[in-house]
């Protein structure tokens, strides 16, 4: 392995460190350390030993981020085999979302220093490091798609929210300005009360005291609840659709890699894809244990598993399946199966197996034939 | 029955006491008594008669839990007929979730005493008894599966929540630290305000007073509502899926026990399972009353019901069905049916009956033939 | 009409007064007047003229409720033609939910007087009149079914809620009892803080001040949000199912009354029922206006409509349909249709019409043939 | 173009200014300027320069609204070609929702002046301008339909909400009136506490202090959460249905304009419509970029796109499709496609493409044939 490849692996631990969970979350740990030190430093008295120590951590983490940025630029060509030029690969990284976030992380402290603020305040710019978490959360990309999908309705609610807010502030200004000139003396001031009430936060620092102000407040509170409910309802709907879509896409790609399914037509695959679940298993995971009741069967997409039968061990590789006997005959598991290399499995749940049995009997026949063959084999082995 | 079996039944009242609801919830009642006494004791003055009385209850409940733990270990072999050795059965219980919770319940008070705290404080460890409720709630296992199923998206939201919290605290520290050094003098302090606002709790003990602090607060409140709505939406989606899956599985197993459905192919069963609802009925329940309008028919999975016709009573056992005449001919119920032994019924609603009539006419024909036969029988009986 | 029948109509205005909305909500108006007077009376000074006036209203409303109860008992036989005996009909009313609520409404004030409280306080028992609203809201029966359907999961959440509440109170008692003995001096006292925080109400009268108390509070707030989200998710799921079921049932019954659909098999009807919406139209409603674009067609279940064509008016009765031409040919409405007697209509939306066109071409052919016939008829009329 | 047509275009910028986003939101910008000036004016001291300036803006915006109203009446006949008379077109505008809102906007200030209030207060009537936002938000019309669809259940919840509110106020009056006569001295006063608590706003200005008052408060808080959850659940359900319906309708109309689909039967179209998404693209949008991985194909409904192949550019007009090669063969995009005129596209996602491949193989065959033809063409071009 070239030194550039080594550097690439070092600066992209998630991809490189398959199976080593501690190494995989190392970037998050470093980022967390830097942010915690920055936060704690605001509570330390300036110039104390604690301050110096915490500032040191922040500066060290920043140094690491600068180094990572430089090294990632240098090693970028490792990632993209098909790119013709190293310069192109590097530009690609620089312009990617990840590249921009890395740049911002590296520029956080210098930007603070440039403002001429004292060092302790300049350090607050390190808050942009929090973006690194967001980048690495796959759940958030789902959320973003959901929000985009529900955008027209959400815009409608935001408009409604703002109009209600404005009307509430104007009316409360009318009703309360004489009783409480300090809090309701102008509409901008009344807006503070309106937002605190419409969001049902209710600090209680400003409370209407006139009859009409209270009647208005009651309506605003109920309005806040209803707008909130609309929000929740819209997002729930959009989320359900998006989740279904993502699951379908990922599973389809994996199903295409299992030879067992490749003889099927598109219609049958579309049917099956809806029923399969994807599961990533790290080495050492015990997928099933001999003698237990079984509620799912497994297809290996990639990786390796070992089935420990009574008399021998059988290695199972990509494309093979196991666990179908428990579903077919209702018997307890006849073998313990352990993952021996990090694997991607497709799981067929017993509920879905039965739905499939109804819709695609030909598929079940194939699985049954295979299951019967294995059972006889097991029996023969025991008999031997 | 051996004494060990008797002890087993005594320490597992839910399984043993079919039909005796008071006995079935005895463990919860004891647990509740212990917790209430522990709670009330914190309000009693130390050494008073009330204190002694309440401490006594707590200690008694603890004694019961120790006894139950020991007896359950001893009687564990009763539960598992197929286990070869008694030791294995006992180890199985010790390592089960239930076993761990029972152990913690038994060790609660000793753990308190070991800390060297005064007796009244040591007693607070009894709070772990609350776990016993969780263990026994089937609804909670559903919730856990739901949370596991929605895990990636939930992780995304929690990340978002933490990042927003951190940014809110940092900005509020910047905006408010001079106006309110006590509450916003460092980021850790500002975090208190941020969480109170982001969760829309709004105690009002810390309230921003500067213009920018209030603008920030408005955004944080709205952000809190949106994050919350995302949460609700995700959980709603995952919950709907899980509920459907559980219903399908349980009903399938029950349908397999009704001879009426056994002649059907897997596809037809999968169709029917979607439409049937499961209902547990205790002895004495009046399922239908003569002369009422009917909106569902019933299949008996286990237990026994008695149909009281004009001139005689007919016992109905597992596998039999009743109530179809009201659905078929729209006539009022022709008999009162009472459950005479605790039963599990499958219920086919009138809405679903009609859907089924469209999709599976052959099934309806069988039910109709049976219904017509019974009607003639009834008429013959009356004519006799 | 016998005097008993007249009394029956008078005391059941909703059923009798079809088309007279003011009369139909008369019971609610009376009930509201009574409750408002009772509420306002608590603000009037005892013995003042306002007090006497308001008490008078309350007593008058009570008198009406007593009279209604007695008259409803007497006229109950009017409702049930098939009951053999008048006594049976009366007993039926007495034991019905409505009967019990009427009894409670009639006994409200006497129950107050029996307690020996002063008249103004005795009057507070009139709060039970609020039950009358609940009884008359059809939406609430839906809600009750929803809650029953989701019961196991809701029990799980309530358990979780209580366990979290208990643990929060115990921990806050440990963390805060020294700093704030008044508010956290015992677990029962700490429970007040716990519920105010877990529900994210956040009065702010009790606020943790220690570091650990605040960390706990943050978790409790987030826990409150999550539990709430679970609640919303479960109810949303159950509600969606129930709504679908109700719509299906009501529409099925109405479809069965339209001759047009009676020749269809059960499968076709099940398909159509899913697509039709029910609409109650009072006399005078203009269902469609000549020249407008059309987005739905209508089937008359009961009542009467009049189509005003260019040269003549055509009466349309139960079983007939109209408005299909706009859907078939995309032309504007060719006639204005007014409801001339209170009617129940089945509405087929343009979106659903197209789905139906795909699934049931034979049905669309019939509608098309009818539409073409009418168009020619219209042309002939114009040509004449 | 006649001057009337020019005026019409000027006063309806959204319709006229296709592709010019700034002009399209001009009415909102003017409206926002007027509202902000009105709000800011309440904070300026009367008679100051700021006051005069801001009042000037408000009056100017009002003048614009009056002018727009008059000009829209005059130019209304431009909108409706088929109307026989100009008077009819004008009356149509006057009676439309838009006409009413424009009228109210124009009368806002005069109405304020008529009240005889000082000018600064009269200006507050300008709050009705906020209605202009609502009118122009398409999301809000969705929300209104959703609320109408869920109306019966929502009425049920509102009833429940009011009954719970009333009972809470009455009980809190009983429990707390002696301890806090100021806040709970009558039911109307107690209602303030009840609504603040039931909406979980929790100002904290009124807090129960008795044991029973606090137990009641706990129930009211939990009740508030549950009622809120019901609300969210109902709206979520209704929203999901409405969204599906709207999408179906709009897509159907667009599909009908694409010749490719016109040979298909209604059943096939209904199938496809469910899978297509609509996308509005402004000129200059890069729909796909050469070399990228592709996850959707596009049909042009209206407008124009240009595909930049290796050697030449191809213009694509309404009815043509592109991007299918990436889906069919899994190859990266072979061309960059840019929108050259504002267009409406139908997008077929890869997930949905595969579902379609299962359900409608004949359709995929046509797309495949077309794709193969294009690939050969591209190869021929390169070979040339």
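Note that the chains are named A, B, C and D in the order they appear, and that numbering of residues resets to 1 at the start of each chain.
Going forward, a residue touches a chain if its C-beta (ideal position, glycine included) is under 8 Å from a C-beta of that chain, and two chains touch if they have at least 3 such contacts.
Not measured: the values here are computed from a predicted model.
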item	value
Selected from B-D, A-D or A-C, interface repeating A-B by over half of its contact pairs	A-D
Superposition of chain C upon chain D: rotation angle, C-alpha, nearest 5 degrees	90
Pair sharing more residue contacts (C-beta pairs) when B-C is set against B-D	B-C
Distance between the centres, which are taken as Cα means, of chain C and chain B, whole angstrom	29
Rounded Å distance between chain B and chain D, as computed from the means of their C-alpha atoms	41
Multi-chain contact residues (two or more partners), chain B	200-204, 228, 232-233, 236-237, 240
Chain C-facing residues of chain B, complex	35, 38-40, 42-43, 124, 127, 130-131, 133-134, 137-140, 142-143, 146, 161, 192, 195-196, 199-205, 228, 231-233, 235-240, 243, 349-351, 354-355, 357-359, 361, 364
Complex interface listing, chain C residues touching chain B	152-157, 159-160, 162-163, 166-167, 169-170, 173-174, 185-189, 197, 200-204, 207, 214, 217-218, 221-222, 224-226, 228-230, 232-234, 236-237, 240, 245, 248-249, 252, 265-271, 273
List of chain A residues in touch with chain C within their complex	201-204, 232-233, 236
